[in-house]
Each structure stands twice: as C-alpha cells, then as structure tokens.
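What follows is a pair of complexes built around chain A, which joins chain B in one and chain C in the other.
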Partner chain A sequence: MPDPLLSACVSFLSYFGIFAILSLSLNLEYGFGGQPNFGKVAFYATGAFVAGVVASRLMPIIADVTPFDPFSPEGTMQRISITQNNPCAALLTFLAALLLAALVSGVFGYLVSYPAIRIREEWFLAMVLLVTGEILRVVVRSYQPIVNGYNGVLIPNPFGWLKDSDQISLAYMIVILAIAVSIYLYINRLVNSPFGRLLKSMRDDQIAAMSLGKDLVRVRGQVLIIGSALAGLAGVLYAYYSGYVNPDDFIPIRTFDVWVMVVLGGLANNKGVLLGAVIMTAIDRGTQILAIQLQTIGGITELNYLRYIIVGILMLVILMFKQRGIIPERPVRTPAYEVVEGE
Partner chain B sequence: MLDWIAGSLLRSILVGSIYTLMALGLTLTLSVVRLPNFAHAELITIGAYVAVLSSLVSSDISLALLLAFMVTALVAFSCHRLVYRPLSNRGATMYTLVLASFALGLVLRYIILLWASPTGYLQIRPLIPQRVIGVIGSTVILDIFVWSLPTAFVLVVLLHLLLSRTKIGKMMRSVANNITLAQITGINVGRIQDVSWLLAGGLAGVAGALWAILYYASPYVGWFALLSVFAAVVLGGLTSFSGTIVGGFIVGLSENLVMDLLNRSFGVEFTYKPVIPFALIIIVLLVRPKGLVGLLPRAKLLTRSSTKVGG
Partner chain C sequence: MNEILKLENVVKCYESLRAVDGVSLSIKEGSVIGLIGPNGSGKSTLFNVISGLDRANEGKIWFRGIRIENLPPHKIFSLGLVKSFQDPRLFLGMTVLDNMLVPPKGQKGESPVIAPLHSKWRDQEIALATKASELLEKLLLKGLHKTLSAEISGGQMKLLEMGRTLMAEPRMLLLDEPTAGVAPKLARDIFERLLKLREEFNLTLFIIEHRLEVLFDYVEYVYVMHRGKILAEGKPDDILDNKVVAEVYLGG
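Showing the complex of A and B:
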C-alpha cells in the first residue's frame, strides 16, 4: 500500500532512529559523564563524510569495476548501477562505511579532545569542540577532493536493488531502528556497569573521584571516543537516508537540536532521552511537512524559520521550569537496596 | 606590494576595532555575570538593523549609533531580567546558562529572519551616503572609514577609562574578581550586573551598527562575527579587558593582513577565511590557555583565575 501515511511513518521512524542515536550518545557524554560536547555535529558530520568517501571511492573497488571520476555524472551513474545490479557490493559498502565511520569518528573525537581534557575546566572542552565542528564544515565545503566541496556527493541507498521505493525506505528504516535499539541496549548496559558508575562519580564530584585513584583524563577520553563513534554511525545512517552528503547540513544548530532532545527528555535517563528524540522528530518532521503542504497552497517559505523559534522557546521553557527534564534521572536500585526495602 | 599591505593593514585595524567593541561586551558579561553569552551575536545583529532602520528616517550617523546603543542595551537588559537572572536564581549551572543563551540567540535570530525575509531586508546597507576618497591597493577607502575608525577607537578608550578610573568601573572589576568579597564590601551586585548588561548590549549594538554602515546588515551578521569575537576573548584570557582589546586587534589583523598574505604567497583561497579565528582559538587553548594575560602589564588585576560558576 503505497500511501502517503505509510511513507510519513517510515520517514518519522527513520529520523527518530537517527536522532535517538545522537541524543543517546550525548546523554552518555553529558548526562552521565558531565562532559559538555558542544561539537556533536563534528562527529555526526565525520560519519556522513566517511560515508561519502567510502561510497564514492570504495564502492567501485568492492564491485570490482574500473572506477570513473567519483564526482562526475558517470561516477554517480556507476554507483547507482552497481547498487541496482549487485546487492552484495551495495550492502558491503554500507557495512564498510559504518565500521570506518565509527573508527574515524572515535579517533577524531579522541584527537580533538586530547588537549582539552587535560585542563580541569570543562568550559575549554566545550569551546574546542564547538569550534572544531565549524572548522570541519568550512574545510570540507572548501576542499573539493573529500566530498566534492559544497556541491556534495550523491550516494545510493544500500537497498537500492529492491523493486519499489517504498520497500527501499522500509528496509532501510528497519536497519536504522535495529542499530538504534542495539545502541540503546548497549548504553543501558554501559551506564549500569562499573564504568557507568565511574562516569557518574566524575560528573558529581571530580575531586572525590580522583581521591579514589580514578584517572579522570583517561575516563573522559574513553567516554568521548564512545560518544563520537556512535555519533559517526548516526552520520552514516543520515547520509544514506538522505542519499546525499552535503557539508552545509552540518551547521552548529544540529548540535543544539541534540542538546534540546537530551535536556528536554531528562539528563542521565535513557528513556527520557528517547522521549526527547520523539518530540524533536515530531517538531522537525511536523513543520517540514506543514511547510511543504503550505507551499503547495499559498507559498509561505518562512515556516522553516518557525521550527527554530519553537525549538529555542521549548529549550528556554524546559530550562526555566523543569531543569531535570520530563523524566528525571532515577536513583540506582542495587540488589542490596531491595533487601533493605524488603525488610 | 606596499600599497596592498597598507590597504589590508587599514582594514585590519578597522575590523579589529569593531571586533574589540563586540568582544569587550562579551568579556563584560563573561567576567561580571559569568556567562559566555551566545546571544551576544543577536545583539550585534539588532544593532545593525537599528542602523538600517534609522537611516530610513535620517542619514545622520551619530543618531544611528546612539539609537543602536539604546535599543540593544534595552534588549540585553530584558534578556538578563527575563531569562538569565531567573535562571541563576534557580541555581543554574554555567552550561544551563550557555544553553539558554544559545536558545535565546536562536529565537532572536529566526524572529529577525522571519521579519527580514518577506520585507526584503535579508542583506541591506543603511541608506547613508558614502564617498570614495581613495584607493590603496585593492582596498577602497570610503569617507566613513575616516570617522568610523576613530569612533571605534574612542569608544574603546572611553570604556577603558570607565573601568579603570570611575567608581562604577571599580565596582565592576571587583565583582568580576570575587563576587562574594564584593558583596561583603557592600557593593550591590545585582545593580552592577544590570549596568554591565546595559553596557555590554550597547557596545554590541554600536559595533553592529558600525559593521552595517561599513559592510551590510543581515540576520546572520552577528552569528558570523561571533566566533571571531570569541577568538578575541579567548586570546585575551577570557576575562581580562586589556587582553580583550589586544585580542580584538590580533583577530582583525589575522583575518585581513595574514589572510591576504596567505592568499598572495601560498594561494590559500578566501573561502578558508572563517578557519582563521577557529585556528586561533585552538592554538591559544593548546599553547597558552590563559590567553595573553600575564604577558601584559597590570592585566593580573583585572582577571579571575576561574570562570566556573557554582558547582
């Protein structure tokens, strides 16, 4: 049934999956670890750029054909024809992009934060990461050989070999949601492990954590590697979803969106963060669909701006009246607690 | 060879003095209120548009600057009273305030866009007549250069005198230095913060108006300038006023003179220009996180060792 409702649902769930991964990774970094990552977009973008590079360079090699110039129309046509005729190569390229993006983003996250995490004041880390995001965008959009500068590069969906477009987006949505669910389970396990408790101790009292012999610089580095790698995965998923890698998608407001999801839903509460992602997706998709609908009737282009005003006001309201989010952090219930409660 | 150096040096000083005005406001809120105010960008934009609107009525430049000062000071003051102060009273941490200022900036920016887009004000110059009085290298010298540079310069000097010679300036510095100690000595910290916001907003407005007169006004003007301004503040050591002044001029120089040099000698494209302030921030944070403070005489008196708030 190729009806608009179904495709709206598929697009909603796909965006939700991507937003959920981003916000869960920021929740791990800031909600649990107290590391203010104001450069989330840098790692999200890294993932997308890796996807662009892999799809344009590695794909012909995987499919074993002579590559054309990746940014020429012939190169684009070649990618599309490989995808349609060789499902194995298409899926392998996608898998390679995911693995490489996680690796590159993770390493990038560590390198960028290397100097800043050595300074006690986390404000420096926030500033360095924010600035890195913008440098990356400006450089990639100016330097042609990466993803064709500001022209961007087309990358075909890994399920491009399926018969009709509804099937393609449905299959891809399932992949996004599967990855999002496994990341959710992974982060839930992680924050309930000794590492998770270490993160919380770092967030709540650095001096106390250090006095117990914890190497906080190391922990900060680790949490930023994990968070950045996850954001890189989200970047690949987004790039393949939109079918197009464009450096100008990755403006600092994207970082702010992720912060809104985390703060809105509830810091250090993964369920709350998922709720935040749902709300954010609803605002994002809702205004988008409304804008397209209105444009076909009357032509009000300014509705896109309204989205940002809504998000900004939402953030201010939540900071003002419900600082701990809709679903606040829950106290940890250990087995010992249950024994005490039971008596 | 010499004429293009002279030309870009002139532009460097001009842009540098405007950056300094913008950065001084940011330093003021950063040190007195302890808030890295991202909405500072929108104060600059508002100043730029006030200059455009005032030029519709009269082409008097001093009127435009005065109006820009007053309107933006009021906007900054209301932001403080409506958003930042209530938040601080609820025990907000610095990151909460940063997020709030980012949100506030976003709301203001897109409200301006919402207004400017249908009215055709997306990229506009104030209707102030200008004359070309000379060309040095590739830099066209307009008559507004001749007075806007001294204006910016005089404002910087006035602010410096205000902070170093007057009683209210002394109070501001003491609040910046140690808020508890200032309170104990009987300084009305709330009032000092009000004054700082008025001043910071006004400075941003004047700088925005100057920018609009020299270049153009657009809803993104402040946002594009903000990271350069942050670079100036970081260079200056975050909370030092004299450091910020030097930082503003260094950023101005590196974005113009150094960029021109890189372009001529190494063929670096001008599209990379936005990287320069970012690179400066990263280098300063790597090499000398305290900025230029300590390299300058007396700068120690004006700084706080830490910018962290509460817990």
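Showing the complex of A and C:
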C-alpha cells in the first residue's frame, strides 16, 4: 500500500475510534436514557486536560527523574526523551491518564449535573451542561497552571519509542480501536438488560417511570457518570493522537458533531451510531484533506465551511425522510424473550 | 379489617387555588371505594398527592400505618401503593413485554454495575417474564409480547397498563378513570376484570370514575368531591338519593 494512502487510513480509523466512543456514550445518555447532554465536549475536554496534566507532571515521577518546569522547553524535551528511552514509563503514563481521566470525568459529570437532575424538566440539564463546557474551556485556556493556558502542552505519543512514525501511528490506532470495540461490547451488554429497560422507561415517560417506583434522580446520575467517564477516555485518546493538548480544540460545536452522529445513525441503536460516526469521520477527514489539497494548488482558501454545509444538508435529509435515523431502534434483548418464544 | 390508607386534613394549593382543601378520609384494606365529583373538583390532584407525584402543602397521609406525605414517589410505590393514569401512560418506544417488565421491584439487573453480567440476573429475568406472560394471557394480550406498545389499540393499552400495574405486586391501586375513552360495554368488562384481579391479588381499590351508573354497581362506598372538599360520603344508594350531590352534578 502506498504510504499516503496508508496514513490516510490510519488517520481515518483513529478519528473513527474516538468519534465512536463519544457517540456511543451520548447514545447511552440520550438515545436510551433521554438525557440531553449538550455539554459532551466538557467531558471530552476533561479527559484531554487530565492527559495533559498526567503527561506533564506524572511522567517524570513514573520515570523516576528530576522533573523540570513542565511547560518550559526543557520539560517538553524531557518528556520526549523519556518516551524514546523508557517505553515502560511512556505506556504507564498513558494508562494512568486513561484511568484518571475516566475517574475525573465521571465524577465531574456527576457533580455538574447534581442540581439539574433533581428537576423534572430535562432541558435544564442540557443548558447547564452546554454552559459548563464553555466555562471549562475558558477557565483552562486562561488559567496557565493546568495545561499552560492557551499555549497548550505537548504530550508525546505513548508509542514514541518505536522507530518510524508510521509504526507509531499504526500501533496507536490499534489501541484506539481496541478500546472503542471494548466500549461497544460493554455498552451493548449494559443496555440489553433490565438497566436498559429502565433507561428507556425514563426516556419514554418519566412520570410513569417514577410512579412505577423508579428512582430517576439516581438513574440519571448513573448514566451521566458512565457517559462522562467514557467521553473522558475519548479525550485522552484524542489528546495523545494529536500530541498536543489545546483548550481551544474543545469548542461547543464538538458536542453537536457527536449529536449529528447519533441522530444520523439512529437513536438508541449502537450499530447505527457507529455508522453515524463513520459518516462524520468521512466528512471531517474528507473536507480536511480536500482543503489542504486545494490550498496547495492555490484555490479556495477557506474550505471549512463546506463541512458545515454538508452536515447541515445531511441532517435535513435525515430529519425529512428518516426521522429515526439510518438504522432505527430495536427492542431491548434480554432472556425474557426466550420464555415467550418457548411457548 | 385494618385501615390501609388514611388522610387527615390534606391541602394542596396552586398559587391562590386550593385544589385540594382539607380532605380527610379513611379506607379499609380490601375494600373498593369510589371517588366522584365534577371536572376540576380536585380528584386527580388528590391522587397525585397521595402517590407522591405532587406534594401536599398541609396535612398528614398514612399508608399501612406509615407517614407518606413527604416520601418521594418511588418510596411510596415500594410500600405497595400504585397509581394508574387517566390516559394510559405506556412506554411507547418499548414492546408490550418490556412494559410489563419495568415495574417489578428489586431487579438485580437494574444496577449498571450488575447489568453487564448477564448470568447474575438471568434467572430472575426468566421468572419475571414467565409471570408477565401469564398475566398477559389473562388480560387477553397474548401474542402481542413483541409488539411496540404504541401500535396496540386503545382498549389494549388500558389492559396493558392494568397488567403493568399488577406486575408491581401492589397492595392498593389508585385508578384514575379506568374506563375513560372506552365503549360502554367494555367499561363493565373492565370493572369485572378489576374485581376479579382484586380477589386474586387481595387488592384495595380506590377509583375515580365519571360513569356513575357503572361505578355504583361495583363499589362499596363513595366519596364525593367538590371544589377541593369532600362534599358527601356514603354507600352508593345513599349518594344517589343525596340532594346536594345531585345539585352539584346538575348545576355543574
């Protein structure tokens, strides 16, 4: 395979894996549970910021060297040299970032939604989370000690010790896909259960679910913890993929990209949501590559708008002709149906 | 017989409107009680207050001897007091069988930690599905297990809601117009089935109903509400003879 094509494939699959995790987690929250998370980006960003903090502060400790100022050129060089010479420390740092990000994002998700999930009107939650995302971005970009403010922080790829850059991105892509596949399998098991039924009952009629004895405040909290923790994982994966933690990557439109994937592919259908992620990755990467190509031949300079135009048209078409998404919802599958089919 | 539900001077206000205005009543276990009154007299509000969906501003409520006026709906439910809705509030995106399987208490698989470990809740799930399947057969809803509840007829929705309520193993049902919107013949049918289920499950029934001619054939005792207050109470025959009640109904 020619090199440019290979690297395009690797980049496509890496982005797909990250988008898939984000859209699966939003699907759990909104598709199944009816909780409109308009602040997905907040937890995605939290994961990336945790990765930045762990790489810049924890890595020298794990490698057992005297740390430099993490945001100085020496600090950056130190991280790169540890990664190249100490694979074990590089991978351990990455693993620590994943675990901590899931934990911090999950707790953060619970705390910011704590007041809003006590109100029956779910769109309060949507607004609270939307605002949370923007506040978090503005605070982190302005408060230098976290990830060096708007300058961001460089974090080397956990496979930086491999010899050439194609190998590095290939190995990292495999890790992303392995995590994405595990999350897909986990969520599928999670929702094809009485818990999945509980989520759907909350989504369909919360008054009825409450009067049938369901503690919905608790369920909302649970689903937001899980969804936010998963988004945090996606944030770590993205941060290490781009090699750089930059607060301004996490603007509100990132949230709505994920919404498009979920609505496009099919609410409450995990396979559909994966398809939505494929389509969005294709549009995202396609317009990106096209923009670079056109720029080199000196054509149109600002092609980013094309992406939004395509997404907009696609959404309109879906909402007009296939309201339930490309692959519609299926009933929860539990052993209960074996009883019925046995008759 | 023991007292199962007792209300003492319950008040529920919406701004200046006293929707429920000092209601006291007492219901014995195993009885079938009616609640009637013109539209807007506060009947549905009273049911919402008892079931915890609305909170009373004043007054005390006991269910099986436990004070419940400050408990959240899911706690009241777990004591065995279950309310059905005027219009069936089914989970329309779910199948008939899944609707039946939502209410049972203590489902292990409802915890997100245990849910992915299917072997931990498999047996319980099969037992519940067997029970649901038997109940669906009794309610003449057999063969509809896999149908989405949005796709069944209005009468079937009523029956499904009844079945769903029974899956919760209630001690007492608050039924808000169980025959609203169904044909007159089916209305009697629904009451017949309710009374049969009551015997089988040893239930106490508290029923709001506008079809007095049907209701009065089945209940033992009736409360009449008007403008948030209990206007009269007594056996069905006494209520029919009560001039004040007739005036309220005719005068609207």
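Throughout what follows, the second predicted complex is superposed on the first by the 328 of 343 C-alpha atoms of A that agree within 3 Å, B and C clash if a C-alpha of one lies under 4 Å from a C-alpha of the other, contacts with A are read in each partner's own complex, and residues count from 1 in each chain.
Just so it is clear, a contact is a pair of C-beta atoms (placed from the backbone, for glycine too) under 8 Å apart; a residue touches a chain by one contact, two chains touch by 3 or more.
Just so it is clear, the model here is predicted, and its values are computed rather than measured.
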Quiz prompt | Partner chain in contact with A:Leu58 - chain B first, chain C second, else both or neither | solution = neither
Exercise. Would you check which partner chain A:Val340 touches, where first means chain B only, second means chain C only, and both and neither mean what they say?
Key: second
Quiz item: In the superposed arrangement, which partner chain does A:Ile326 touch: chain B (first), chain C (second), both, or neither?
Solution: neither
Exercise. Would you sort A:Ile135 into first (chain B), second (chain C), both or neither based on which partner it touches?
Key: first
Quiz item: Thinking of the overlay built on chain A, is A:Arg203 touched by chain B (first), by chain C (second), by both, or by neither?
Solution: second
Exercise. Quick one: classify A:Ile119 as touching chain B (first), chain C (second), both or neither.
Key: first
Quiz item: For A:Arg189, is the partner it touches chain B (first), chain C (second), both, or none of the two (neither)?
Solution: second
Exercise. Spell out the residues on chain A that touch chain C in their complex, using ranges where they run on.
Key: 186, 189-190, 193-198, 200-201, 203-205, 207-216, 222-223, 226, 268, 329, 331-332, 334-340, 343
Exercise. Over in the complex, which chain B residues touch chain A? Could you list them?
Key: 36, 83, 86-87, 90, 92, 94-96, 98-100, 102-107, 109-111, 113-114, 117-118, 227, 230, 234, 269, 271-272, 274-275, 278-279, 281-282, 285-286, 289, 306-308
Quiz prompt | Parts of chain A lying in touch with chain B, wherever the complex brings them together | solution = 30, 36, 38, 115-116, 119, 121, 123-124, 126-128, 131-132, 134-135, 138-139, 141-142, 253, 256, 259-260, 263, 301-302, 305-306, 308-309, 311-313, 315-316, 319-320, 323
Exercise. Would you tell me which residues of chain C are touching chain A in their complex?
Key: 51, 53, 72-74, 77-78, 82-83, 85, 89-95, 97-98, 101-103, 105, 107-112, 115-116, 118, 121-122, 125-126, 128-130, 132-133, 145-146, 148, 164, 168
